[in-house]
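All chains are identified by letter, namely A, B, C and D, in their written order; residue positions are counted from 1 within each chain.
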Amino acid sequence: MKDKCGVVGVCFKDNLKKASYSIYYSLLSLQHRGQESTGIVTRKKNGFFSEKGMGLVNEIFTFDSLDSLDGNAGIGHVRYSTMGASQIENAQPFVVRHSSGTLAIGHNGNIVNAEELRHALKASGSIFVSTSDTEIIAHLIIREHLKGKDFVESIAEVMKKLVGSYSLVILTDNAIYAVRDPLGIRPLVLGNLEGRGYIVASETVALDVVGAKYVRNVKPGEILEIDNYCSLNSHRVIRLPKKAYCMFEYVYFARPDSVLNDIPVYKVRERIGEFIGLNDDIEADIVSPIPDSAIPSALGYSRASKIPYRETLIRNRYVGRTFILPEQEARELAVKLKLNPIAGEVKGKKIVLFDDSIVRGTTSSRIIGLLKGAGAKEVHMRVGCPPIKSRCNLGINMPTNEELIANNKTVEEMREEIGADSLKYLSIESLIEAIGMEDRNLCTGCLTGKYPIDISKYEQVKLPVYMKK
Amino acid sequence: MKDKCGVVGVCFKDNLKKASYSIYYSLLSLQHRGQESTGIVTRKKNGFFSEKGMGLVNEIFTFDSLDSLDGNAGIGHVRYSTMGASQIENAQPFVVRHSSGTLAIGHNGNIVNAEELRHALKASGSIFVSTSDTEIIAHLIIREHLKGKDFVESIAEVMKKLVGSYSLVILTDNAIYAVRDPLGIRPLVLGNLEGRGYIVASETVALDVVGAKYVRNVKPGEILEIDNYCSLNSHRVIRLPKKAYCMFEYVYFARPDSVLNDIPVYKVRERIGEFIGLNDDIEADIVSPIPDSAIPSALGYSRASKIPYRETLIRNRYVGRTFILPEQEARELAVKLKLNPIAGEVKGKKIVLFDDSIVRGTTSSRIIGLLKGAGAKEVHMRVGCPPIKSRCNLGINMPTNEELIANNKTVEEMREEIGADSLKYLSIESLIEAIGMEDRNLCTGCLTGKYPIDISKYEQVKLPVYMKK
Amino acid sequence: MKDKCGVVGVCFKDNLKKASYSIYYSLLSLQHRGQESTGIVTRKKNGFFSEKGMGLVNEIFTFDSLDSLDGNAGIGHVRYSTMGASQIENAQPFVVRHSSGTLAIGHNGNIVNAEELRHALKASGSIFVSTSDTEIIAHLIIREHLKGKDFVESIAEVMKKLVGSYSLVILTDNAIYAVRDPLGIRPLVLGNLEGRGYIVASETVALDVVGAKYVRNVKPGEILEIDNYCSLNSHRVIRLPKKAYCMFEYVYFARPDSVLNDIPVYKVRERIGEFIGLNDDIEADIVSPIPDSAIPSALGYSRASKIPYRETLIRNRYVGRTFILPEQEARELAVKLKLNPIAGEVKGKKIVLFDDSIVRGTTSSRIIGLLKGAGAKEVHMRVGCPPIKSRCNLGINMPTNEELIANNKTVEEMREEIGADSLKYLSIESLIEAIGMEDRNLCTGCLTGKYPIDISKYEQVKLPVYMKK
Amino acid sequence: MKDKCGVVGVCFKDNLKKASYSIYYSLLSLQHRGQESTGIVTRKKNGFFSEKGMGLVNEIFTFDSLDSLDGNAGIGHVRYSTMGASQIENAQPFVVRHSSGTLAIGHNGNIVNAEELRHALKASGSIFVSTSDTEIIAHLIIREHLKGKDFVESIAEVMKKLVGSYSLVILTDNAIYAVRDPLGIRPLVLGNLEGRGYIVASETVALDVVGAKYVRNVKPGEILEIDNYCSLNSHRVIRLPKKAYCMFEYVYFARPDSVLNDIPVYKVRERIGEFIGLNDDIEADIVSPIPDSAIPSALGYSRASKIPYRETLIRNRYVGRTFILPEQEARELAVKLKLNPIAGEVKGKKIVLFDDSIVRGTTSSRIIGLLKGAGAKEVHMRVGCPPIKSRCNLGINMPTNEELIANNKTVEEMREEIGADSLKYLSIESLIEAIGMEDRNLCTGCLTGKYPIDISKYEQVKLPVYMKK
C-alpha cells in the first residue's frame, strides 16, 4: 500500500483544552497531501476517542464529532485518493489495544520491506485487518514493547527493521511520539503553540494555521517524545552521514507556503523557473503557467528571461474531485471543465507554457491542444522537474514505469507526442542547485533510478492506480 | 462485549451462483436477532469481498453492493443495538489476513473467559482493533493453524480453550465451518438448498426464506465443514453428557416460526400459556396479549382457562427503533406511541394481560396504566417466563441484577410496583415441561443463578447498556 | 392525483406551547394512511414555518426541525406511496401566499371534478406548480376570499363547487379550519387537548397518542373554525339527507383502534368475521388470519363458527417498504420475506384462512401456495370485504377495473385462480349490518359500481400505479 | 428576493441528443454565479423533466438524474447562497402548468417593481408558492398568453411591465426563449453548437466548455426564440437609446475568461491595474494580489508601475463554503484557513496589496493583519473598484448601506480602519475607461447612487443577508 499522506500531532499543557480542534484545522491545511480518508484520535486520562471516515476533512468532521473527541493530546491523518483500493479499514490513524494499553499511529511514507515484515509477522502468528504498512509498524512496536522495552526503545528497535520512508505520529497512553526515517525522506516539523503546547506536522502550513511557531525539523532518525506534561525529549536513534530528502515535495507536492527542511518551497519553485529562463533563448510573446502549481516557477522564468508573464488558463474552482462524464465525450471535457483558456490572451501569441512536471504526458497534450485551439501561434513547454523515468517507491503516488512518458522516450519524442513547438526540462543539476542542498542529501530516485535504498532487493507490493488531480 | 446476534453461511455448488443474495434474504429473516450492524463477506477463487455497516440489513445493502459481493460461498451477520458501545470496528463478520490466507468469522454468543484469553494473547504479542470476542477467536484459530494444524484441528483446539456460548460461521479460502459450543447454548441449524448447496443459520426461518430444507441441528461441540465442492464433513469435537440450550430463545428471543433444537418455538409458547391457564382460578372477562411476542401464549392460556381471547392493544408498525421525544413528556409517550388500547374492548373489563417476560417492570407498569386509563376494571398480569433474577452472561442482552425487578422483590411486591390486580408467573418446572426437554439440557441461569458454566471464576467485562425494544 | 392521506391540525391556547411536537406524534399514529411524503406547517404571530420531505414521519423530522417549527397552531399531513408519481412538489401541506396573507392546506380525499376546475382556473389565468387537487382548492378559496368574503364564507362557496371526497385542514393567519365534504366520505374528528386546546385529525388514534379526548366527528358539510384564541365555531354549510361514509375505512384502511363516525373499527371487523362464521358450514381444523389486518375478523369467525383460532403465518416486522429482489426470484420471495408459515401449525390441517379483502388476487394466491407448500391439507378462503368490482374514485388507491379480480370473474373462477379449496365472501348486506349503519349512509361504490356521486360525468385523471403493501 | 444567478438554455436539432449533459457542464462553468441551489428542466415531445436541489451542481446531479432528464431542449439555473432565506421552493427553473401547457423559467436579475406586481397579481387572484421574482414573471406571461397572444407577444407585453434587471431563459412546449432586459443589465450570450444546435448562457465560459462558438450578445430588449427545429428568431421588443451594463460583472463577479458584451473581462481587469499603477508614486518592493480575483489587476499594476509582481498569499483550495469554527477563535481563523502568507516573501517588504473591491472592509483588515504579522514592513492597499457606497438593487448581492464601509467614511478613515499604510481606489472615470464603454451604457449605481432606474419609486423587499465568499 503506497501512502501519500499528511500527519499531525498536538499536545496542550492545559488538560481541559481539546486538541481535536487544532488537529482539525491542521488537517484542513494538509488536505492537499491526501483526499481519500481522514481521521483524528485523541486521548484523555481515561480513554481514547476516534473518528474516521472516507472523504475530505470538511466532510467527515462536525462540531459534534470534534467536541466528542475529548482530551488534550491527539493525532490526525489525511490519506490520498485512489480508485478501488480505498477502504475504511485503511483509514488512519490506526488504533490497537495491546498488553499494556492503547496505541494509535498515523503514517506518511512507504515501507519498502513491508511484504517481508508482514510475512514474518504472519508466520509468527500476527493477523492483519488492513492492507496498510501502518498495521505492520504497530505489530512491530508492540512486540518490542512486550519484551519490556519502553516505547522509545521499542520504536528505536523497529526503526532498525523498517526499510523505506516514514514520518510517524504515535499516540500512546502517556505520550505522543514523532518519528522520522533515518534518511528524512518525508517531511516532519515541530512547532510551539505559544508556550501552551506542541504540534508536529508534515508541513509548516499546519503550524501557521493554528498560530504555532516553527521550532525545527524533526531530524532524520529522531524520535521526538512529547509526554503528558508537554515536555519534549529528543532521541536521535540513527545518524546517517547523508539524507534523502524527497525533491518532489519541493517541485510539486508540498504547499508553496511551506518551509521544508528549512528551505522555503516557494523560493525553490521561483528559482526553478529562473534557472530555465536564464538559459532559454526562445523567442516568445509571453510566459504562462499551468495553474496553480506552476505559477511561482513561471514568474521566476519571466524575470530571468524578460518574457512577460501572463495568465492564459483559468481554473474552475468548483470542479473538484469528481464530476459526471459520459464515456464518448470524456477525454477532452475532463480538462476543459477544469481549465479554460482566455481566448484574448492566447490568440496569435507565442507562448512559453510552464508546468511543474510531466508524468504521463496526456494532460500536457490536452492543455497544449486547448491553447492551440484558442489560437496560440506557438506553445513552448518548459518543465520544472527533470524527466521522471522511474516510479517512486518511497511515498509518492506515481504510475508504472511503462506509463511514464519520459521512461522510454527522448525529449524530442515527448515534444512531438504532446504537440509542443519546443520542450525543455530543468536539468537535475540545476534542480539540486535550485533546492540549495548538497546532492547527497536529496532523493532523486524517480529521475535517475538510483534510490537511496536498494529497492530491488525487496518484494514489491502491487501498487494502486495512479491519480494526478 | 456481549453479543446478541444472528449468523448465516451459504455455499452453492455452482461456481457462478452468487451467495450474497441468499445471505441477504437470510439476514432479513434474522433481523430480530440484531439491529445495530450487519455485514456480508463472500469468497471467490481469487479473493474475498466484504460489505459492512451500522444499521438494518435493508439500509446497508443495495443491488450494487450485493452484486459486487462475488463468489459462491459466504457468511453474514446481524448484531444487536446498544447505545454507545456501537462501533463500525465491532461490526461482523470480522475479516483478517494471516500467514496462509484470509479468515472471516461471524459469532453469536458470549465468551466468558474472553478477558483471560485476551490478556494472554496480548501478553504474547497480539494486538486488537475491536472490543469483540470474535477477534480473540480469530487470533486463537490462526495461532493453532500456524502450528501446522488444518482448520478443523485448529478450531477443535480453540474450542477447548473457549468458555462460554458460541455459534460460529467461519469462511476460509477453502471452506465454510459452522461451529457450536459443546453445551449448544446458542442455536445453529443446517439446511439443504434443494441439492444446490448448503446453508447454516441461527434459526430455521433463515432456511425457509431461501427455500432450504431443514436437515438438522449443528450439534453441540460439532464442527461442520462445507468445502468448496459443497461436500459436508462433520467433526464432533467435544461430546458432553448434557446440553445447556438457552430457554430464553424459546420464551422470547427466537422467532415463533422457528424450530429450535427440533422443538417448534410456537408450540412452546402455546404450552406456556396453557400451563398457566390450566391452573389459574382467576375470574376475568378476557385474556389479552402484549403484542406481538405474547400472542401464542395468550391464545394457549385462553384455550386452557376458557377465558375468551381478545386483542386490547394495537401496535404501531411504523414506530420502530427511534423517534423524537422531548424530555418532559417522554416517559408516557414512548409506550403510547408504540401501543394503543382499543377503548371499546377494554372499558369495564376484567383483563388477564399476558406478557412473555418481565425484566425491569417499567414497561409492564406503563401498559397496565394505559389499560386502566382506558377503563379496564382489573388487570391480572400473567408472565410466561419465570422471574428473571440474574443477568445472562451467555449471550442474551440483559440489564444489571440491580435493575432486574425480580432480583430483590417478592411477587407481591412486584405486583404492587407494576400496578396489577394480580400477578402470576409460570414456574420453572412448568417452563421446562413446556419446552419439553430434560431439565439438565436447558440453561436456566437467569432464573436460578445456576449457570452451566462457573461464571464466577472469570473476570467479567463491563457489560453494555441493556435495551429491550 | 389520487390521494390516500392523513391530516391533523393542532391549536394550543398557550402562545408559547409549540404545536409541532403534537402534530408530529399524531402523524406517527396516522402513518398507515400515507408513507410517501409528510409535512408540517406551523404559524406564529409573525410568520409561517414549513418542513416537508419524501419519506416516513420518523425519517423527515428531527429535534431541530420540530423545534424550528415555531408557533402554537399548525397542521400536518402524510401522503401515500406510489412509484413514479411521487414528487416533492406534491408533498403537503400546500402553502401559498395570497393577497391578504398566507394559506396552508392539507387534504385527504379525491376531487372528482378536479380536471374541470383546473381547466377553468387555468383558463382564467391560474398557474399550477403541482399535480395535486389541493392546489385547485387553494386557488378556489383565494378567489372567493378576494371577492371580500371571509374564509368561512369563501370555503363554503368552494364546497359548493367541489365534487368528491375531502377532509381538509386549513391554516390561515387567524385560524385553523377543519372541513369535511357534505357526504362525509373520508373521516375527520375533533379532540379536546384537556382544555389546553384542540386537535382535528383523520382518526381518533391521533387523539389518543397526544392524550386528547374525543369530542365528536366533524360533520359532513361542516366547517369547523378554531380561531387564534382556540375558540370553536361550527358552520354547517351543507346538509344532505344522506351520507356516504367509506366502508373500506372500516374493512381495511383505518387503524383497528380508531373509532370512525362513532363506530369502533375493531368491533366492525369482529362482526364481519362473526357474520361469515355464523353461516359457514365448512369442516375445518382451525381458522387463521392473514396478519395483521384480518386478525379481529378471524377471531370473530372463530367465536361464531366454533372452529379454533390459530396463527399460521408470521409477519417479518423488519421487512418494510423496500427490499432488493433480483428479477428471476422476485415473485415468490416478495411474499416469503414478509410472511412465513409456522410449519408445525399448518401441516395436515384443514385451514380457514381469513383475509380482509381481495384486490387482484395475486397475494392471496401466493399465500395459499405457501400454506399448501407447508403441508396444509385444505385452505378455505374467507374474505371480509365483498367482491371489489369497481375502482374507487373517492380517495382509496386501487388498481384499474381490469386488474380487479372480482371485476370479471365469478366466485368459483376466483377460487380456482387463487388455488383455494373454497372461497366465501361476506355479502354486502351483512357488511352493512356489521358496520351498523343505514345502507344509504355508506358508500359501497367499489362493490356495487354505484357511487354517491355520478362519476361518469367527469373527466378522469390518469390514476397512479396501485400499490398494496 | 435578490437573485445573483446564472442561466443556460440548450437546444439540439437531433431529437435523440440529450440536452441535460450540456446544460450540466455549462452550469459547472457558471457555478461561481450561485452556489445555493441548482436545477435543470428538459423537454421532450411528450413531457417535461425536472431535477432541483439545494447544493452545488456537482452534488445535486448524478449520472442517473442526467440520464432521466430526457429531451433535446432544456434550461438550467444556479442560484446564490444566503443564510436562512434559502428554500427548495425558491430553487429554479420554476415550472408551472397553465391553460395550454407547461412553462419553465430561469431568471438572473432583480425585478425592482416586484412587490407592486405581486400585489396586483394577488389582488386579481394569483397565489404564490415561492418568494422569488420568477414566479411573478411566470404569472404575467401566462396572463398575457391567455388573452390569445403567442409567447413572443406575451413576453414582449410583460417586458413592458417589468422594471429592473433580468436575463431569462424560458422553456415552453414549443421553444426556448432567451430574454434580456432593455438596459442589458445582466449578461446573456448566444452560442452555436457547431451547427448541431444553440446555447444561451449568462457567460461565454458556458459556451467554451461545451465547444460552442460565440455568436453574439442577446441584445438588450431582445427576445431570442429557438424553436423546436432549432431555428433562431430574433424579436427586438424594446430599443432604448442607452444601456446599463453592470460594471461589477467586469470588476469582480464574472469569470475572468468570459467575454461580456464583446469586451473580455480579463483585459478590463488588467487595465484596472494598469490605470492605478500608472499614476501611483508609491515606493514599494512588490505588488501582490489577494488571490484569485485580483491577480490580473495586480499583474497590470506591476507592468504599469514597474513594481515587481510577487505572490504573498496562498489560498487553500480545499476550504470551501463551510468549516467548523468555535466561537472564540473564529474571527482570525476564518481568514487564516483560507489564505496563508508566504513568510519568506513578506518579511521586511513594502507591499502593494491589490484587491478587486472593498465591501465591508473586515476581510481587508484581517488580510493586512496577516501580512503585518508575517513581517511586512508596509502594506499599501490598491482597489480596482471605486468606493461602493450604495447597495445594488439590480441583481448583485450586497450588504446594507450601513454596512458598506465606503458609505460613511472618507478614504483616509477607511485606510485607518483597515490598517493599511496607504489606500488608493480607481476613479470612476478610469474604471469606465478601463471597461472601454461609453459612460451612459454602464450602470455604476452602487458607486454613485444614481441607478439607471428610479428605484426610490418602488417598495423595496427585505433583502437577504449578504455573504461574500
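Observations
Just so we're on the same page, contacts are C-beta pairs under 8 Å (C-beta built on N, C-alpha and C of every residue); 3 or more make two chains touch, one makes a residue touch a chain.
Only a predicted model underlies this, so the values are computations on that prediction, with no experimental measurement involved.
Path length between chain A and chain D in the chain contact graph, taken as the least number of steps between touching chains: 1.
Greatest centre-to-centre distance from chain D is found for B, with centres as Cα means. Spacing of chain B relative to chain D, judged by their CA centroids, is 61 angstrom.
Distance between chain centres (mean CA atoms), chain A to chain B: 49 Å.
In whole angstrom, the spacing between the mean C-alpha positions of chain B and chain C is 37. Among the residues of chain D, none is in touch with two or more other chains.
Those residues of chain D whose C-beta lies close enough to touch chain C in the complex are 88, 94-99, 103, 119, 122-129, 131, 138-139, 142-143, 146. Listed in rising order, the residues of chain B touching chain C in the complex are 21, 24-25, 28-29, 31-32, 35, 56-58, 61-63, 66, 205, 208-209, 211, 255-257, 259, 264, 266-267, 292, 295-296, 299, 303, 308-311, 314, 316-320, 322-324, 326, 329, 333, 336-337, 340-345.
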